[in-house]
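A, B, C and D label the chains in the order they appear, each numbered from 1.
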Amino acid sequence: MDLAALGDCLGTSSCLIFQTVGGLKIGLLMFLVASGLTLIFGVLGVINFAHGSFYMLGAYLAWQTMALTDNFYLAVLAAALGVGLFGVLFERGFMSRVYRGDVLVQILLCYAFILILDDLVIIVWGEEFLSSLGIPDAFHRPPLFVGGAIVPVFHLFIIGFSTLVAVALWLFMTRTKWGKITRAAEQNPLMVSALGINTSLLFAGIFALGSLLAGLGGALAASERSISSGMGFSVVLESFIVTVIGGMGSIGGAFVAALLIGMTRSFGAIGFPLFTDGLMFVLMCLVLVLRPQGLMGRSGG
Amino acid sequence: MKHETFLKDVAIGIGVVLLLALLFQVITDPGIHDLIIKTCIFGLFALSLNLLVGYLGLVAFGHATGFATGAYVFGLLMQTGTWTIPAAMGVAVVAAAALAAVIGAFCIRAREIYFAFLTLAFQMILYSAIISFVSLTGGDQGLMGGYPKPPFLGIDLSRPFDYYLFVCGVTVICVILLRQVIQSPFGYALRMIRDNHERSYFLGIQVKLYQWIAFVIASALAAVSGVMMSLFVTGAFPNFAYWSMSAEPLFMILLGGMQTFLGPLLGAFILQLLNDLVTEHTRYYGLVLGLVILFFILGLRRGLLDVVWDKVSDRRRKAGTVRPASPVTGDAEARERS
Amino acid sequence: MTSSHDGISRRSVLKGASAAAAAATFGFPAIVRAQSATSIKLGIPTILSGRVAQLGISSTNAVKMAVDEFNAAGGLDGRMIELLIRDTKAKPEEAARVVRDFINSEGVDVVFNCEASSASFAVQEVVREAGTFCTHCCSETSSLSADPAIHSENSFRFARQGIHDAVASATYAAEMGKKKGIKKWMAVSPDYAYGRDSVEQFFNVLQQVDPEAEIVGYGWPKLFEPDYTQIITQVLQKQPDAVYSALWGGDLVSFIDQGALYGLFSGIEFFGINLADYTTMSAVRELPEGLHSGTRYIAAFPDTEANHAFDAAYHERWGDHPTNWAWQSAAGIDFLIAAIKETGSTDSGALAEAMRGMKRPSPFGADGTLTMRAEDQTVVNYALGWGTTVPKEPFLIDIASTDWSTVYEFETAWKKSQGYI
Amino acid sequence: MLKLENVHKAFGGVIAVDHVTLDFAPGSLSAIIGPNGAGKTTLFNLISGRIKPDGGRVVLDGEDIAGVHATEIVRRGIGRAFQVASIFPTLTVSEALTGAVLSHRRRTLTLAGRFHRSGLDERVSEIMTLTGLEAQADTLSANLSHGDQKLLDIALAIALEPKLLLLDEPTAGMGPDERWLMIERVQALWRTGGMTLIFIEHDMDIVFKIAQTIRVLKYGAVLAEGPPAAIRENPEVIEAYLGAPAEETAS
């Protein structure tokens, strides 16, 4: 523990900017993935424990597209759509069969997919890790210097893009017909089916959207992270923590929680360098014990 | 009258231990011995978890907390070189129970998926602690360098037969105890809570207290299996506390069946066998295991022993000689319907 | 990606050249099966699945090459080596079970251990009890051989060691420090035993050879950490002259890629002990100029015909380059076969006796030879050095090799400080 | 024996029970009626400890039990059955009742000894006879008919030998003949058990036939109380409640 260092950091503008921008980037990337998890939980009431593997799949698909086309944006798009499609197949073919089963069956079904996907990517892409996608040419420029801190241009892009996605999600949920139906389904699924809305279609759609977000997160993260089998697990745990802290099913909550975790990691790395992971779990336990519905969740969950 | 069934269980238990001892002499392949040992260790681990999952309806995803605590406390005590095996074992189990008492007090406040992941979160904190507390735990390398296994009561656990019989015996004792818990009035109260916790409150059953006690008992038994595992490897390793160690007994429960008392034990056997056979032939063990799980979830829809039991009771039901559900097993269909 | 998977099956390996040889000897291939009854059995526990599968596979690849050659040459008076390779999924308790199974059920003559550290200790416990002959080919943790408490008469380590590397790194770093005026050091290393030991031993030796070296900070990402942003920003703020890192594989690649976005390597000298590795080097997107690396396995070092030949043969058969684990396993199997030939037996006591102090020509030796040091039964005098990385083959240039007499000197001091001698 | 004094409960601004003061005499049989949403079930939940009142006192035999935990209230002698039969699907009738009897005798925390019907058999058979469930002793609760499930729910409460029994619409979801059978059993239980009984009921014929006193709730407040004859004549009740009996009784 090094609280003095943390204090020093909070007192200098360069350190503050350094850690804040870093925390924002980490947090927003986390939000992309976690928002998918929380969206699916909100409507379908299941935790897609295989969500991290979807993230991994996104990274691999992006890498493959990149290898074929050498176009970063196309790679990200292909990963998002590809994983979205995979999500639909997963939901229709497997998950929808266990909605009425108990939690154990749902967890194990997802876990089976974690195992299968981890091996499948090895069979297809080999057991060696793959290099990152690299950043698009437009961002190949020296980093900016802001108040004594260094800020990579590409991080600004990630921050901007993720924020855009967050805003788009928010607009979708509040301004569109399907968004309203989604929120209604979170409150009362029976009512939605009573209204004559095809819930199977709705569920598949939500799963597609949630998976798409995981794929998108995976592809974007792969721009600067190496890709390997098993990379999804730490991600699903983090996403779950974000989901719990924010309130299961709450997109806004996930946004706040992801930023909170991002900042915890960023500043925690200075104050508690060896316990940043533990810190996340402690935070989650605190929330579960003190406010089980999460920061922005509805009560009674 | 009251003790008759317990004595019957004890008699069966003694019979099983004798049979296993005989098996050791008849089948001399140590690979089979190891298979039985690991089935016992993991079987007890899974059975203890099933007290929560099957009999109480609490899906705990952090059951390895007890397992790892048992293994580490035992291993650390043995490494001092001054402890006897039974004493160290006792302390390890009590330590795990005490830890479970604290963790359980928090976890039982949460329901369903929250409970599952809260137990997982506590386990991951333990894992982080084991990894970071290098001076005590050896960090990621685990408790290395082995420890002496001083003989007690004429039992020398460094001899294969002694260790084999020790594991079999301890497992059988724990299974009898667990069966006693399940068949006791307390065990029935657990079933009532699983079926309908709301109604249980209004019958005067303090639901949370019962859940907490069951949580502590299950963790203590998990610690026993952890101790036996520590003896198997003469050490303890952080992956005992890793999340995947908690997933294993859930598989076993799924494979063997959660409605039948010994289902998880069968599940442990299947998983060990699967592990041994599959890893000999392919390194895509995960793929195979994943497909097996899918088959059980979507194809069979319950564990193997449950299937067998349902078949048997179906036939007897048709013959009109048996009531629809055994008090031991509950009834899977009825539970699905509810 | 490229290796064949046939070697995984229980009793495979007597194939290809060896099968041809057997057929030539006995007239028909069916005899291969019967022959295996008297074969020399090697049980290999290793990691074939998960994130580090590549390492385990490369280990077994190297072993298969030597074994096929041995069998093709007629084995030991017709006794062929049979390989039993099992995936232990990097779990120590699984390694213990597999090794017990090897010894008790399969009756292996030798446990050829290709496990990482913690599983190696579990394997050591089993073979120590059973008395089986064992070679550890992958664990770099010094205490495995240095600590007398876990010593076994029949266990030999064929792997580089943390303390040796630390001496090599520190002497090189001190020299570079003088040349480039490096005073302030920082460490970025994975938060597990290997990463911590590596840093501790490096700084320990560094401060002895360069008393002016100052340590300004540590960054401890966890193993398999995907995102290094918070570590990188810390480094930038501490402004050290140089960073020492024991990161490896995909983690190291991610760190370099992410650090490059910040221009991290333009003002800071980077010393990555595990960088010059074929897999890693070919995965880094854009390698910054002038990074320093230790030698893991690289065909360019030692720059000898024998070493290039090994790389070429490996590449031809497996379509890939050897890894650090591959050369260590190759050395292990070479010594083992030599011991088998020398004693004409597979008795563990006899093999151990032959092994102790054995010195053999080897592509991986510092002076063309490797020595199995008798006192602690670990390999020494392997090629050890540091150089500067370049983005293309040979990947590492200006390599300075380490003087083993210096290594011995510091190693002895270290052993004393640990209470091992 | 049970007094409600100024009991108040609101759910996020919506008043469910509005300063209710009621007195139930020992051994009485009273009905609570009122339109849907009048706060009847909420009142039961407040008495039985399922929820805590925002204000007021719930006095049982001179002791305030407001805010006391449900299990403790059960121990003090209040049993209840639910509008939707609340039973244990995977237990047989006799097992469930054995569990309830064991709980009443505070033996469910016992780890020693077996869960045995012997020894308890007498009491369990007695309850089954009282409730007419003898024939179903070994039937799985989930497989019982709707009416029997309601009976079992009541039987579970009876097993606790309550001083005060709360029945929430014992005849809900039953056909006309079944209703009368049920209500006769309830009446018989009350007579033999010597307990105080309060029940919520929508069927006015039943209410007026068997209740000694009737309390009418509306919007959470007590609109009227008194013997059936008085209630029948009460103009406020007629206007507010009986004025539209067809819809209400049908619901």
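Miscellaneous remarks
FYI, a residue touches a chain if its C-beta (ideal position, glycine included) is under 8 Å from a C-beta of that chain, and two chains touch if they have at least 3 such contacts.
These numbers come from a predicted model, not from an experiment.
Looking at which of B-C and B-D shares more C-beta pairs in contact, the answer is the pair B-D.
Subunit B and subunit C have centres, each the mean of its CA atoms, that are 38 Å apart. With each centre defined as the average position of its C-alpha atoms, the distance from subunit B to subunit D rounds to 42 Å. Inter-chain spacing, taken between the CA centroids of subunit A and subunit D, is 49 Å. We define each chain's centre as the mean of its Cα atoms; on that basis subunit C and subunit D are separated by 75 Å. Of all residues in subunit B, those that touch two or more other chains are 132, 284-286.
Residues of subunit A in contact with two or more other chains: 118-119, 122, 274, 277.
None of the residues of subunit D touches two or more other chains.
The set of touching chain pairs reads A-B, A-C, B-C, B-D, using the touch definition from the header. Residues 48, 50, 70-71, 74-75, 79-80, 82, 86-92, 95-96, 98-100, 102-104, 106-116, 118, 138-140, 142-143, 156-157, 159-160 of subunit D touch subunit B in their complex. Of all residues in subunit A, those touching subunit C in their complex are 9, 14-15, 18-19, 22-23, 25-26, 29, 118-119, 122, 125-132, 134-135, 142-143, 149-150, 152, 154-155, 221, 224-231, 234-235, 265-266, 269-270, 273-274, 276-277.
On the side of subunit B, the complex with subunit D involves touching residues 1-2, 5-6, 180-181, 183-189, 191-192, 194-196, 198-199, 201-207, 210, 213, 323-325, 327, 330-331, 334-335, 337-338. Of all residues in subunit B, only 53, 57, 59, 61, 106, 109-110, 112-114, 116-118, 121-122, 124-125, 128-129, 132, 243, 247, 250-251, 253-254, 258, 284-287, 289-291, 293-294, 297-298 touch subunit A in the complex they form. Looking at the complex, you find that subunit C touches subunit B at residues 5, 8-10, 48-49, 53, 86-89, 91-94, 96-97, 100-101, 104-106, 117-118, 121-122, 125, 128-129, 141, 143, 147, 149-150, 191-193, 196, 223.
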